[in-house]
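These are the structures, in structure tokens.
Two complexes follow with chain A in common, the first pairing it with chain B and the second with chain C.
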Partner chain A sequence: MKSSDASRLTLILLFTPFALWIILLVILPQIGVGWLSLREKLGPREYAFGFGNYLDFFREPIYWNTLLRTAWISVLVTILALFIGFPVAWYIAKIARQRSRAALFLMCLIPLWVSDLVRAFGWILLLRETGIISGALQWAGLSSGPVELLYNDITVVIGMVYTVVLFMIVPLVSTLDGMDNALLEAGYNLGGSRLTVFRRIVIPYAMPGIVAGCIITFMLAAGSYLTPILLGGKNSMWFTEQIYEQFVTRYNWESGATFGVLLLVFTSGVVWLGLRLTGQNLASTVAKE
Partner chain B sequence: MNVAAPRSGLMRGLYIGYMLAFFFYLAAPLVAAAIFAFNDSQFPALPWKGFTLDWFFGREEPVIGLFHDRRLMAGLINSLWIGLIVSALAVVIGACNAFLFERKSFRFKSALYVLMIVPLVIPGVILGISILVFSSMIANGVSDAFWWEWDFLRPGVLLVILGQLSFLVTITTLVISARLRKFDIALEEAALNLGASRVRVLATVTLPYLTPALFSGFVVAFLVSFENFNTTLMLVGSDAPLTITMYDRMVKVGSTPVLNAVSVFLMVGSGLLALASVFAQRPRRGEG
Partner chain C sequence: MHDLECVNLTRVFGRHRAVNDVSFTVPRGSFFSILGPSGCGKTTLMRMIAGFETPDSGDIRIKGKSVLDVPPNRRSVKMVFQHLALFPMMNVGENIAYGLKCRGESRSEIARKVEDVLARIGLPGVAEKQVAQLSGGQKQRIAIARCMVLEPDVLLLDEPLGALDLKLREQMKIELKLLQHQFNTTFLYITHDQSEALVMSDTVAVMNAGRFEQIGTPKELYNQPGSGFVAGFVGDTNRWAGRVTGVNGDEARIALDQGPEIIARQGATLAAGCRAEVFIRPETLSLAPIEGANQVSGTVDSLLFNGANSRILLRSGERLIEIAQGVMDATTPVARGDSVTASFRPTHALAFPAPEAG
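Here is the complex of A and B:
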């Protein structure tokens, strides 16, 4: 009996930090935001409960347009990151020799550890009117005056793909790494063309990696703040910026909380849909290192 | 012959070209941010006016280098100690979580495991506002009920620490679990059979085995904390960490080469730490 008591005690001891962390820092705060989003401000210190803040959101086109815009740019960024990242991951996992593989992988990871702010700053120096690319274009005679390459959607997309593509490559490399080349050989020997082998063998095999990469990429894109604001300028119309503005500039916490709930519902909805459509689950994709 | 590689020489050449272009794309903004830290000019832009280290060490107006810029240095110090506290806490809780999920069985384990991962897929801005809202609710509650002013629950260092901790624990848990999973439980059993107590087994067998993962979890948590912006932005008080200070400078003053110096500093610092963590994770000889 004594040893089971001891094991019960360790279970409780190990469970306590987990419970404190998840309840106090994750669950209750989220409930708090949900509660605040349902509180309507009537006057100073006068509140009512209802869906008024949500109605306000749908009544004001600029708000839901911003959310839609955030959504489709994030989807676009995710797709681009997948198409750009897949060949790179394939090269690292399947083509590069053992030695250069580790080095290439590390090279992919180094920008990962540099703050978003530094990367965005680098893009600004490259792309702005007095920046390097504008200067190079003038020097090469391709343009007669300074060219402003910042503050448009293409720049925002390029900059965002840059910040998230590494999160696509890492899970792809670890999945593709586990794939035996014999699978490919078997496919070819059975008469499959390159395309068939790719479609019927490689993609199904890489699916957990693809899903994991897409989820992380999409979350990071939809939740990003610095890149769209610094590269997109004042008119970037990004949803996290609206949240920040409601909280900090307008001090309207109720509507900021409403926006927060909407962003969370929306991103979790997309993640859930992605997992559902591909038959994966969260624990097996995101948590798989 | 590698079956995974393209067959024709042309395709192979194109593929290598693509890889080079990709790494060029990765490097370009970092190089741009780094290079102007060494340009002897008031603006981080061409033309090149000669090499200088003044943006690191300069003392006089108008060129005050990073190491003599009081606000940036204050930000750096805030970042350092916030990072150290947060990572230490995240490693301790993460290690407990790893043992909990790898070694123990209990009801609703798989559901709770998913819950443990969830913070990783909540946007950072939302984690930030949720901590802000929740702590303000508590602070307002005690203020209304008891007339106590709990200022530590207002935006400031404590909230930044809690906000970053909310998702860093997931990361450290995953890093530590991955190594604990590979541990051969027979080693512990052998030590127990030889008469060691549970605590002693933990201290002399299991924890030494986990040390590389604990170290690398700490480094990863520290780096993520150091570079975090989204969560911190919502929770910051007067003691702003470096990324917030740098952003403020960028928005209010515009870009100056001292920000390039900060960038170089961050790149070198985090590059070295990341390498240290990679080497700590490497399997040593005699280890499966």
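Here is the complex of A and C:
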């Protein structure tokens, strides 16, 4: 009896902070935002409930175009991060020696010690008209005048890949690390070419890591604010920027909340679609075996 | 014709000669084992045959043709890995079909062959099961089937029984031998477990420090070991150090460091005055007196009951002598603390030059 009481107490003590966190910081604010999004402003201090805010969103092409653009650039960032992150993760997990592995991993983490903001300014120093790259190009005679490399989509994509690629590498390293090298050798031994081994053994084995990495990077990219604003400029047409504008500049909380809910629903939909297309499910990705 | 032939194979890692000038041939359809302690280079040797390592010198020939230039995925040598390396993301049927698919065989042909090989290993109808659903022994058989379905010239087995528990290991030894008969393929088996090698093999090569010490049938290795290492490694044995005091024909008189002076058979040529090691198997030591035999006396330290492998441990000076004869049948009943004399015939004591110190 006593021991079961004690274990119940332990469970409650362990569970309370988690429950508080989930309820106070995740569920309640979301309910608040959801409630706010359904409140239509009729006049000063005069409100009605309805889907008017949502209808406004779909009536204004610039809003849903921004959302689509945000989603598609985020998908692009995710794919690029996967293509860049996979070889890096492969090297760390399979090729690097045990001793250098920790150092390499640490090197991936170092950029995180600096805030997003400072990192974005780093890019600006490199890429602006009077920046290092522009200067170098002029000095080498490859360009006659200053070159503006900021404020275009390519720069935004590069900057975002740089910020999120780590979150692709970490889950990939941990899944690839668990893969027995004998599986690869067996793959060759039984007659598989490099491509066959990669396609039929490495990819299926790494799939949970790939999916986890893609979900994290996509969500981070779609929800990011600083990088697209600083590198893409005022006209970067990023959806989080719209939300910020509704809340802060226009003081239209109802519309901002609507956008927030739409961003959540839409990105969740993209993730769901991605899982369906790759034949994975969330449970097997999060908790393998 | 030989299925597999290795000629003067050498592989060096840094300053360490992992495999040092090894040559051997494996006749078609035989069960060939390489037996050695861990770190003796047997795994490196196997990986060279499979193509995962490139020898620094020497040649590997399969069916008479050198395969040094053939990449691992084109060699007609298949391998059963130590931990089997069954693909966890494929079911049993897909695991077996993998190699056939790589070869580009037709769908119907693959289905027929998979079904056929599963029937041959005695596991029909498991094709749809997941690998994790199988027992240890079943996984073992699937790993072999996955290779055998490709009809290789040589099947390499890298200590595949190591991960199994004792009971299953005993059972799999017999089963492996039967499978080898059934497929009639050359098996090259690597192990550090002498009983596995002795039970299953037609021929065993004992490997030590990158070299082959002796190649022979299990019986030859046990009864006529060619070196002190083989005598000590294959089977249980008592090992005593001493100095040669005289040589007469193929016999030698040796003064053991812990006494007494005995007559032993020379396993290798000995000269008077040099250091030697004498090997005596526990089953040749008897507590019943034998006419004209060597004698060692001591007190019974303990009785170790282990069915047919029961032992008497005799303390004589600093050493403990293992005696197997007359333990089970109680022909010579003894108790702890008894003073007894053990006898053994000179032919059963094999003497080899002691290895150089250092």
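Convention: the second predicted complex is superposed on the first by the 258 of 289 C-alpha atoms of A that agree within 3 Å, B and C clash if a C-alpha of one lies under 4 Å from a C-alpha of the other, contacts with A are read in each partner's own complex, and residues count from 1 in each chain.
To be clear about the criterion, a residue touches a chain if its C-beta (ideal position, glycine included) is under 8 Å from a C-beta of that chain, and two chains touch if they have at least 3 such contacts.
None of the values given here were measured: they were computed from a predicted structure.
After superposition onto chain A, the partners chain B and chain C occupy separate space and fit alongside each other.
By the document's definition of touching, neither partner reaches A:58: not chain B, not chain C. Residue contacts after overlaying the shared chain place A:272 against neither chain B nor chain C.
In the superposed model, more residues of chain A are touched by B than by the other of chain B and chain C. With both structures placed on the common chain, the touch criterion links A:28 to chain B but leaves chain C unconnected. By the touch criterion defined above, A:205 lies against chain C but remains apart from chain B after alignment on the C-alpha atoms of chain A. By the touch criterion defined above, A:185 lies against chain B and chain C together after alignment on the C-alpha atoms of chain A.
After overlaying the two complexes on the shared chain, residue contacts for A:132 are found with chain B alone; chain C is out of touch. Using CA centres, the angle subtended at chain A by chain B and chain C is 90 degrees, rounded to a multiple of 10.
Once chain A of one complex is fitted onto chain A of the other, the partner contacts of A:223 are limited to chain B, with no touch recorded for chain C.
In the superposed pair of complexes, A:18 makes contact with chain B only, with no contact to chain C. Of the two partner chains placed by the overlay, only chain C lies in contact with A:196; chain B stays clear of it. Closest contact between chain B and chain C, by C-alpha atoms in the overlaid model: 6 Å. Chain A residues 185, 188 lie at the interface with chain B in one structure and with chain C in the other.
Considering their complex, residues 6, 10-11, 13-15, 17-18, 21-22, 25-26, 28-30, 32-33, 36, 84, 87-88, 90-91, 94-95, 106-119, 121-126, 130-132, 135, 162, 181, 184-185, 188, 215-216, 219, 222-226, 230, 240, 243-244, 247-248, 253, 256-257, 260, 263-264, 267-268, 271, 281-283, 286-287, 289 of chain A touch chain B.
Residues 2-5, 15, 18-19, 22-23, 25-33, 36, 43-46, 92-93, 96-97, 99-100, 104, 106, 110, 112-127, 129-134, 137, 162, 165-166, 169, 174, 178, 198, 223, 226-227, 229-230, 233-234, 243, 246-247, 250, 255, 259-260, 262-263, 266-267, 270-271, 273-275, 278 of chain B are the ones touching chain A in the complex. Those residues of chain C whose C-beta lies close enough to touch chain A in the complex are 50-52, 71-74, 77-79, 81-83, 85, 87-90, 98-99, 102-103, 146-147, 150. Of all the residues in chain A, the ones that touch chain C in their complex are 180, 182-183, 185-193, 196, 200-201, 204-205, 207.
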